[in-house]
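We just call them A, B, C and D in the order they show up, numbering each chain from 1.
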Amino acid sequence: MSIQIRIKKGVEQGLIDFLKFLLTNEKVSAVFTLRKTPKEGVYDYGLITDSEMLTDAVPLHPLMPVNAGQELSRFTPMKKPVAAVIKPCELRSFIELVKRAQGSMENFLLISYTCAGCFRFDVSLEDQGNKHLSDYWKAVERGENPEGIRETCTVCEYFVPINGDVTVKLIGEKFNDEAVLIFHTKKAEEMAEGFEGERSEVEQFSDKIGSLTEKRRSEKIKLFDRIGKEMKGLGGMIDVFGRCIKCHGCSRVCPICLCILCDFESSLFDYDVSQIEKELLRKGAMRLPTDTILYQIGRMNHMSFSCVGCGMCTEVCPANISVSAIFLRTGEETAKLFDYVPGRDIEEPVPVTVYKEDELSTLGEE
Amino acid sequence: MKDISNKGALIPVKGGVRKTILEFAKSLLREGVFDGILISMRVPAKDSYAWVLIKDPSFIDKATPLAPIIAVQGAKALKSFTRKGKGSMKIAAVMRPCEIRATVELVKLNQIHLENITLISIDCPGALPMSYYIKNPEDGEKDFNDLFSGKDRTVSTRAVCQICDHFSILPSCDLHFGLTGEEGEGVFLIPNSEKGERILKEMKIKSSETLTDWKNSVKELIEERKKQRAERFQEVKSMVAGFDSMLDTFAKCIGCHNCQSACPICYCRLCYFDSAVSKQDSDFILQKARRRGGISFPVDRILFHVGRMSHMSLSCVSCGVCSDACPVSIPVADVFSYVADQTQGTFEYRSGEDIEEAIPVAQYQLEEVRGVEELIKQAEE
Amino acid sequence: MEDTFYPRIVSFLCKWCSYSGADLAGTSRIKYSPSILPIRVMCSSRVNPVFVIKSFFGGADGVLIGGCHPGDCHYQSGNYHTRRRIAILQKVFDSLGMEKERVRLAWISASEGSRFAQVSDEFTNKIISLGENPAKKEIFL
Amino acid sequence: MSMKIGVFICECGPNIAEHIDIDSVIKKIVATEEFKDIELVIKRHKLLCSNEGQEFLEKEIISNELTHLVIAACSPRDHESTFINVCKKTPLNPYLFKMVNIREQCAWIIPDKEEATNKAARYIRAAIRRVLYQSELLEREIESRPDVLIIGGGIAGLEAALSLASKERKVYLVEKKESLGGKASLYNLLLPRQSGGVDEIQKKIQDVENSENIQVFTETEVESVVGFFGNFEIVLKSLKADESRTELKAGGIVVATGFDLVNPQALSGYKYTKDDDVYTSLEIEKMIYSDGKVYLKSGEQPRSVTLVNCVGRDEKGYCSRICCGAMIKIAKAIRDLSPDIKINVLYRDLCLPHKEDQRFFDEVKESGVDFIRVKGIKLKERRIEYTGMDGSKSEITSDMVILAPAMVPAEGTEELAEILGIPLDETGFFQEAHYHLNPVSTTTEGIYIVGAANGPQGISESILQAQAACGKILTRLIPGEKIVPEVKVSEILESFCTGCRTCLEVCCYGAIYFDEEKGVSVVNDVICRGCGNCAASCPSGAIQAKHFTSRQLYTEMIEAIR
């Protein structure tokens, strides 16, 4: 049984007030949120303990410098309560990580919001005078895909937080004059006790949510078709991933790739000269370093079913590969095998840790 | 350190310098002087380049000596080939001077075994920024051709290339192609070691031309570059002077560590700063936050960069791949080549120039690098 | 390369069922495709999907994974895990427009010598119809 | 130390020699470019597994100081162990040996000699490459106790206790009830021969009580078990008031906890109270054989009796196998008591597994007992509504109704499974390691299940299983002999483990635990069986399956396809 609190202030201010409230009343010992840095136009995630510093907080700023789910998991378990404002996909990443025993959600008050997507790095970096930003907010109010957001954001249909303790209404709302916070969990309601605002039954989300979902579903079909056309067999793979310079930045920023050392960077994939020479004799020519495509397919095998399409991999790819869209597309396929949705439910076991006796029954029989 | 030979052969240019070099490479394979040639090749998607080890001469036509960009640092390709020991095939690697220098450093670090490898370098006009090339490869190709042929010297190469004073023949290469600028005049083929001499012998090429003019023009450019270098370093100095300016310079850093994984010198399988050792306990982070009222994520970004400097700056060859790999366009390479200039200067060490010159090790006792240590301390704070 | 296409098929066979099945095919003197190159593992669940990808890029024309029938795994449930892993792998291949038919999972018990031979022949023919593994000559891998 | 690899090709009489050109294989191997720098000792032999062949091998290994060994011969299933034993007589570690199966895999399946020869050569090359990546593994021995704990003092438990005791094994026999004997002791006559049951069982009970090798604990249950095959540490808890604990050690455990009968009143469709003349088969068994007559609550003899089989069969989803026999026996007993009692037997399916059952059934049928096959049954007091096979509804009301309730796992089975760490199957009985191939073992080595603990059984099967389990124990757990745990186990490289615990999930032996301190998973190499599932499940490649490492398999694979 959840409630909603309406604060007669701009949505971001309303949220910040709530965070201030939590911090000053010591309901939490720190707040994790996006914030402005001293450097013009640069934002980072900060863990804030001094409520004064919340004045720099921009919890709803459309940027994902790092995947917060990954960051949160890195310094959990939290021994004291902490409030964190993160995007729905970051929340899902966090849940996937927790399933893999990478950190715990204990002591977190997880606040998320109906997210219209976040800017690509290039867009945000060149956004002089916040032109893009003001357009972004207009689009959010209209419930449309804003300009300059990540490719996978434009097709994301999980932009209404599935989990979390508090949801902030954003898309299609009058967020310049009021903030609406929905409290889903007991923990959240208790924390909100004493916080000023008009409490009521939870009202429906704006119907713009529905229309945007529809829009994005059809966008997704288009995008996936396009990728499908590029990804035609080995040749297609090489066209697309042939550019890969093997920096493996994608795996390092990937919230699902939790390995300390990626298997594909292990000595297992260093070859004896003789092995390479033999390969050379057979082919007449070969790329060095090798295993470029192997790495990509291998990684898909390891994590695609848990891919939340946060888009970090695409952002960091120096070779401009649409990594995220490609992985999301394959990931939806592999997840579908087990009607799995990454980050939907903490109780849903990671597909590769379990099995059903009566599934996939044709495989191996024919 | 041995000095550069004064004689070379002048190879007539047919259909452009790079074509000529390719023909030469092809004949090297045909004549059996080499079993394989490591050279860059445009990827099928046509918007980047990869290193390809070629045995069958017919593949040479697809290759490109001196690509417009450095997608993967050549030394990395060589490392992936010979990290575990010398091979039985005779291989020639056609690379940029900075790639040769990185190779030399990796040899010193036992990551490359050169026994059966011959290093061939080419006068390098610099490389284009990867981001620029990938967005419009065809313009990139045109720009680079103009630059290479000397038709247009104003093409803007990567920042570090513009201040590079190691763009030509190095003591550590075996064979070098000296460009005479103007098309048609031909390229100098300069043997620079016994290996190099032997090749010319086997190819029955006489190195009788004197190189004085070419050498002078190179020297001129080097001097010019040295000036620009000094100027640029003045600016960069302020970017790294003290912890706060470091904070400012690396403010955008998202801690993806692309710079480290693209770096040819950072050969660690697992970077110390990615290892479990540097994972931090939540209480510790909370304390840190309390001290300043807030803490920025990912934590220890500055520590990472400063730490990396202390690990590799002595061997840094200013190849610039770190800047190319940075998703938030931080001028990593400028900073690192400046710091490298300092640390290497401290020991009068010139990374990648001479294979005989050992990497100075006892760095931490020295007063001069205390600065770095200070930074680390502050960063760890 | 040979003019007549002679497929190379890596076959990971579990020690208890499939490998024994292969032995039975042998002792019963059944003649079947010489393309099959068995590699003995304790359980089909030892087969890391990356082995399969690796085989391809190493030049294998096909990969056969043999395990005990569901429910008969010598190690209780190993083959159920194998089944999921291979399902994921095939899906990944499929999504990339790569020939997932080049990967085959087959349950073959120790008593199914003839099934082993039959599966081997079928699969070999399948591979022949698919033709040579394009990765064999690809230089940009 | 420089490499020196011995490669020996067995002719296997004509088996290999006739189908493979061994000399050309040798030529191909020797000609292989990459073996140039490796010292190879490569020879052929007519029959390596013969005594002469083994001696030859031994000499070769020692005199050439071989560092690695490759043998191309038959299937490893035939002679790998033979050659491992040869290695053990030499300084060569047996895990630096690789066997290549060129008989079943080449000679016998490829008609074309040249093809067979090529494949053999490729195969041997792969083995040579692989063996270079194999590493020494050292077998270690651990102390083991020959003593055995038996849980359950029913027929199966008694049988197991006696067979072990007869071989001078110390046995601890634990029974929850105050006396031994279990369910079997409640049946007076046993099918098919209607021979006496009680006396036979009483005799066993006496033998057990008289044996000084058997220590009996009645009114006692198992509280905890830790350890592994050869070294289980057990705590027993007395069910008597004092709740005293007994600690003991044993090398093996036999689970013989038997079964209970489902309570018909707990099933929908069986509505009656204790005042109704509705009885279970066991109650009647007691009535007839101790009082020598069949009578109603009123004391009179019933004029009509209806026996209902398969009570709870549909609910439970399995056939209890022995009830049919028991009911037929009861029917006969009643008929013997009086020819005028009308006897009906309602059954769902008849299960008469023993070879003599059928004849006995026919006799009883002829003696005027009506067997009616039915689909569904509803009982209210003594009135029975049933649906015939044709779907038609009928009903019978008789003076007496006798129910044959389904067998269900004995009370406390789940708790015990928890304590022993062995699984139950969907019926709730203990799960055997392998239904066909390994019916009395469990997933945990050293723990065996016998009798009805594994599911509905008759007495003879229970005894068979008890003897089978003892056979395993007597041959695997030998006094004074140490046990050698599997060495081809998994190993987790601490520094690469991220602690995602995927391996814990996929390991069905519970051989992996999580070290909270270090935050990494760790393999208990005594419990690990070396299937390698965990190794394949680890995304970081932090798990190594010894003797089947990724490197070894890659090498073998890449060479094989080259």
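Everything that follows uses one rule, which is that contacts are C-beta pairs under 8 Å (C-beta built on N, C-alpha and C of every residue); 3 or more make two chains touch, one makes a residue touch a chain.
If you're wondering where the values come from, they're calculated on a predicted model, not measured in any experiment.
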Point to revise | Chain closest to the middle [Cα centroid of all protein chains] | key: C
**Study point:** A-D compared against B-C, more contacting pairs
**Key:** A-D
Review point. From the C-alpha centre of chain A to that of chain D, how far is it in Å?
Key: 48
Revision key, fill the gap. So, in whole Å, the Cα centroid of chain B is separated from that of chain D by 64
Practice item. Can you check how far apart chain B and chain C are, centre to centre, with Cα atoms defining each centre and the answer in Å? Key: 44
Check your understanding: What is the distance in Å between the mean C-alpha positions of chain A and chain B?
Key -> 35
Study note, to complete from the structure: chain D touches at least 2 other chains through residues 495, 506, 537, 550, 554, 558, 562
Check your understanding: Counting only residues that touch at least 2 other chains, which ones in chain B make the list?
Key -> 43-44, 50, 52, 59, 275-276
Review point. Counting only residues that touch at least 2 other chains, which ones in chain A make the list?
Key: 235, 238, 242, 260-261, 263, 266, 274, 282, 284-287, 290, 292, 352
Practice item. Please give the residue numbers of chain D that touch chain A in the complex, ascending. Key: 34, 495-502, 505-506, 514, 537, 539-541, 550-551, 554, 558, 562
Review point. Can you list the chain C residues touching chain D in their complex?
Key: 8, 10, 19-20, 22-23, 25-27, 29-32, 34, 37-43, 45-49, 51, 54-55, 58-60, 71-72, 74-78, 81, 85, 117
Exercise for review: Going by the contact rule at the top, pick out the chain D residues touching chain C in the complex.
Suggested key: 75-77, 101, 103-106, 108-112, 115-116, 119, 122-123, 433-437, 443, 488, 506, 508-509, 529-533, 535-537, 545, 548, 550, 553-554, 556-558, 560-562
Review point. Inside the complex, what are the residues of chain A that reach chain B?
Key: 29-30, 32, 35, 37-39, 42, 44-50, 52-53, 65-66, 68, 71, 74-80, 121, 125, 235, 238-240, 242-243, 245-249, 252-253, 260-261, 265-267, 270-274, 276-277, 280-281, 284-290, 292, 315-320
Revision key, fill the gap. Listed in rising order, the residues of chain A that touch chain D in the complex are 100-102, 258-263, 266, 268, 274-275, 278, 282, 302-303, 349-350, 352-354
